[in-house]
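Once you've had a glance at the structure underneath, I'll fire off some questions.
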Amino acid sequence: MKIDDLLSSIEPEAVGRDIYQLIKEIYPFGRSITGDGVRRTLDILKQYIPLEIHEIPSGTEVFDWTIPKEWNIKDACVKNSRGERIIDFQTSNLHVVSYSIPINRIMSLEKLKQHLHTLPDHPDWIPYRTSYYKETWGFCLSHNQFLNLEDEQYEVFIDSSLKEGHLTYGEYCLQGETSDEVLISCHSCHPSLCNDNLSGVALSAILGKYMKALSLRYSYRFLFIPGTVGSIAWLYTNENRVPRIKHGMVLACLGDRGKSTYKRSRRGNAEIDRAAAHVLKHSRSDYEVVDFIPYGYDERQYCSPGFNLPVGCLMRTPHGRYPEYHTSADNLDLVRPESLADSFLKCLKIFQILEGNRKYRNRNPRCEPQLGKRGLYGALGGQQDAVADQMAMLWILNLSDGSHTLLDIAYRANMDFRTILAAADALRDKGLLEENKE
Amino acid sequence: MKIDDLLSSIEPEAVGRDIYQLIKEIYPFGRSITGDGVRRTLDILKQYIPLEIHEIPSGTEVFDWTIPKEWNIKDACVKNSRGERIIDFQTSNLHVVSYSIPINRIMSLEKLKQHLHTLPDHPDWIPYRTSYYKETWGFCLSHNQFLNLEDEQYEVFIDSSLKEGHLTYGEYCLQGETSDEVLISCHSCHPSLCNDNLSGVALSAILGKYMKALSLRYSYRFLFIPGTVGSIAWLYTNENRVPRIKHGMVLACLGDRGKSTYKRSRRGNAEIDRAAAHVLKHSRSDYEVVDFIPYGYDERQYCSPGFNLPVGCLMRTPHGRYPEYHTSADNLDLVRPESLADSFLKCLKIFQILEGNRKYRNRNPRCEPQLGKRGLYGALGGQQDAVADQMAMLWILNLSDGSHTLLDIAYRANMDFRTILAAADALRDKGLLEENKE
Amino acid sequence: MKIDDLLSSIEPEAVGRDIYQLIKEIYPFGRSITGDGVRRTLDILKQYIPLEIHEIPSGTEVFDWTIPKEWNIKDACVKNSRGERIIDFQTSNLHVVSYSIPINRIMSLEKLKQHLHTLPDHPDWIPYRTSYYKETWGFCLSHNQFLNLEDEQYEVFIDSSLKEGHLTYGEYCLQGETSDEVLISCHSCHPSLCNDNLSGVALSAILGKYMKALSLRYSYRFLFIPGTVGSIAWLYTNENRVPRIKHGMVLACLGDRGKSTYKRSRRGNAEIDRAAAHVLKHSRSDYEVVDFIPYGYDERQYCSPGFNLPVGCLMRTPHGRYPEYHTSADNLDLVRPESLADSFLKCLKIFQILEGNRKYRNRNPRCEPQLGKRGLYGALGGQQDAVADQMAMLWILNLSDGSHTLLDIAYRANMDFRTILAAADALRDKGLLEENKE
């Protein structure tokens, strides 16, 4: 099955439901950049795609960075003087600052406050905080709860461990005809936060599941990695594979109600950038394409100047631009099956362009070939599609001088890539085009 | 006489009248892509320019195409049961589908209707239809007449012939100083339709007549050819001449009330494209410059990727954008002498740029030369023209580094080419410029 | 002291006062393109900077030009029949057309009128007129006075001399680390006109005074020259030095209330053009950047095609765009200390960019280096400056591939150059950047 067939057979509702269900399933796990929460998550994903699990030992040097100690947590709470667990890790893993060191102590409210984090502007939400590279501890809670804390002694308890261990990530390479690769990368290090980035994790897994059976031109490499240190570790341990990456996208924040946003690679005009912009432009819904900036997700690493890979980032509302970002309100209500399905289809359409994009050479370059005698004109009477198909053929014949790709032609003709692709297939089948593989 | 002198001596009213009269004279002939209607038309044009007539035999292969059989028609009609010629070729040659095969038969209204063409949206107009490459027959009529046809037996009669013969076209090469050529191409295959394209045919002939006596830098080649197959045949039989074509325009639809439209060549930034855009921009009337698309007139062939000639298309309202297009309403009322004269002058002004455009080298490139001591400053007192002339001189001196043409300078200075040309002539005459012929 | 230190220590009010005072001091002198008025002016400037005075003899050929005779004037007036000096050089040196030949004659009003110049649109103002290259004489007066002249005999008296002498100009080269030069050029040939161009003259002198003590990368060459013939003479006599000029600005009309205007060099995208545009853009006040045109001040000569130097022009309201231009109303009321100080600071900020602009190479080009472990992250808590500094570091690391300058990065990041410069210094000090001197 080709990707074109997949696209015409797919049921958006079913896909949206599948992705949403997977998010729901992995939502409760307490993930961080290392630890068992990640392992449990990857185990679930294995039900969808044959994931290979990698473990990199703490202390391993990866470029300028070092794999940190592994962090695990069993329980944590703050108890008031009546022994009540008033801040309780069991009710939300966001309550504990990620990478908090173990502690078990009684302290005054004043002392405790130095370790409490709240969001005064959103007094009902619990913030999400981490401290990966500085050993400390802390609790997060709603500002309203914070305001009601009484001036008494509190028992602070965190049953965590920070020890030599491993950084865990998942990898799935879907083999295509060639060893040229398309990279799909998502960060899987956030705890119970849905849009950022269980949406990217679940969507990538379901993408892999649906694409598994396809006959593909490119190989597709799916990475489920902790943010920053994960992509750095992968790049470090796979430097020999890096030149194979011809296109790539970081997938994040794909389930909210916002419009689709594509952030260009550092190159700015890579094929993936033009393919993604084309799909968004022809999606008949609002969208935004933004330039690369060296802040965001793992595209920061893929696009560092020593790699400068053609890797962009597909999102809906970008990180930091929606109020629920990095709070307990980024929950199962924020992400919607419809948005997830829409993002999923856009990914597939982008891949469809990558799969189908080629440079052809018009074999009758002097004057137009006579299309009528080859049955290439649509039925008389001027049906809309027939007119578009004929224009697509004329554009392809005119621009197929060996230097324009079909995507170039789609842009120049201002037509959907799929119309151009279908017309090119028809012309090639009649012997009017030959591929320019240079 | 130089083209500059012609432009200053020309009387627009007289030119408009001349072109209009010629349209009127050739309007009645029943032209098609082959046949005697074309021959009669070219015979008339010979009264204006020394046209060479070419005849290419049916069956000749020209690139991917074959010269079709020659079609001629003497008479045609549909008679009702009372023997009345209710659809009559003698009243309008549009009534018969071009290239209709001969027929003489009685048939029911139901059968006849399969061969009738109307325009329901313009119920009083007769459409123009052709069937060059599929042997069939048909009649065109107004939709109102069609609705009134009674359900009876009709005698259908077409006295046409479709036989081995020739494709006929006219060619006139006006020799200039160099063998570099400017191509002017118009399609002469439409029957009684005025704007499309007797306007182009008549305007080209009158252009040739007025330019005959000029002393010209370029040679100007005028082609009067049937659309598509005519330009293909010319390109095929003149492949050795093609490299001489340095600039060119297809002339079509030049007589309606609409604003001038220039369609760029496939190259998009050829000298002809910039010259035409410059003339339209400085014409003080509304205009449009549009990008090349591989649909339209014979620029499709000239701009096929194997030739990629710098040939654009000058029109007023483009084909298909005015309701009368390809109907009996494209008649002598649609075209106006004023529009024809305006189009004619724009052609001449475009040629004036081609003739005058050169690269100069400032012979005093270090600092400005002193213009005052050479009498190159206008009268004191700041007359508007003197200021413009001085600015033109300063621009030319500043940009004549051997890489900018006068047209480049006109664009950069945002001044009319003629002001720049006059200033350059003055500077050159004082020895301040030398031509860079590289 | 570095230019950065100067900029942070400078007091705008004091600078504005200094420049204004200097203008006031040299305002009364009767300057022209040659003569003692220029010498007196340069003598005053010597109190600020160690000016070298050059004298080029009349008759010297400089490219296409010849150094004119030297013009001096002691007195001039027009007396009425009652012997009253009704037009009196002693009250304003603008009353006499510059380069007027000596005369002493009685004549009728009718004859006299042929030598009188007024401004009917501004009837109270005296125009400024010159006749350098045509030997004649004339008086300028207000139109109101002109209208009141009685029809009688007038005594016309000009005690001027036009003899073999010299063209005088001042030059100051402030030596930097390298022999690469920044050219600062101002025309010093106008008599009692403040904005055009005592503002440029005085501002340049005070710039030199303030910069004298700096430790600079570039050498700065200040030219105080008569317009046109002065820059031509300098270029002619310094052709060997011209290749050292890496950047430059003509300074003129810098004291009026108008917004700052930068006119690009002929190159259009030279470093000086981008530096000046950057400073104006980040100045938080209205501004304009305009393309080069071959009219204006001495940039006409520096940007002639044989030199094509990267020299722009910094102004406030450009010449000819304010009504007081070249009239007696361009006086001490038109220029303001605030505007002068603002122009001065913009010059320094432009030089700061030239001084600080470099290409770096990220020494950890593969993935981001870990900034945290080097203490390069600002205090936690998200202060605005800390966020900007971090973004600046990420931009520099991402774009420092050896091809982008810091100014390129400032543009791409849309951040003030100074923020980028400070971040680059911090990164370089931590060993994360090395300069690419290629």
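Lettered A, B and C in written order, each chain numbered from 1.
Here is the rule we go by: contacts are C-beta pairs under 8 Å (C-beta built on N, C-alpha and C of every residue); 3 or more make two chains touch, one makes a residue touch a chain.
Owing to the predicted nature of the structure, the values given are computational and were not obtained by experimental measurement.
Asker: What rotation angle, rounded to the nearest 5 degrees, superposes the C-alpha atoms of chain A onto those of its identical copy chain C?
Answerer: Fitting chain A to chain C on C-alpha atoms yields 120 degrees.
Asker: Shared numbers divided by all numbers used: is that above or below half for chain A and chain B, i.e. same or different?
Answerer: different
Asker: Measure off the straight-line distance from the CA centroid of chain A to the CA centroid of chain B, and report it in whole Å.
Answerer: From the centre of chain A to the centre of chain B is 55 Å.
Asker: If a residue has to touch 2 or more other chains to count, which residues of chain C qualify?
Answerer: Counting only residues that touch two or more other chains, chain C contributes none.
Asker: Could you pull out which chain B residues touch chain C in their complex?
Answerer: 362, 364-370, 372-373, 391, 394-395, 397-401, 413
Asker: Tell me, which parts of chain B touch chain A in their complex?
Answerer: 62-65, 133-134, 228, 231-232, 235-236, 239, 266, 293-295, 300-301, 303-308
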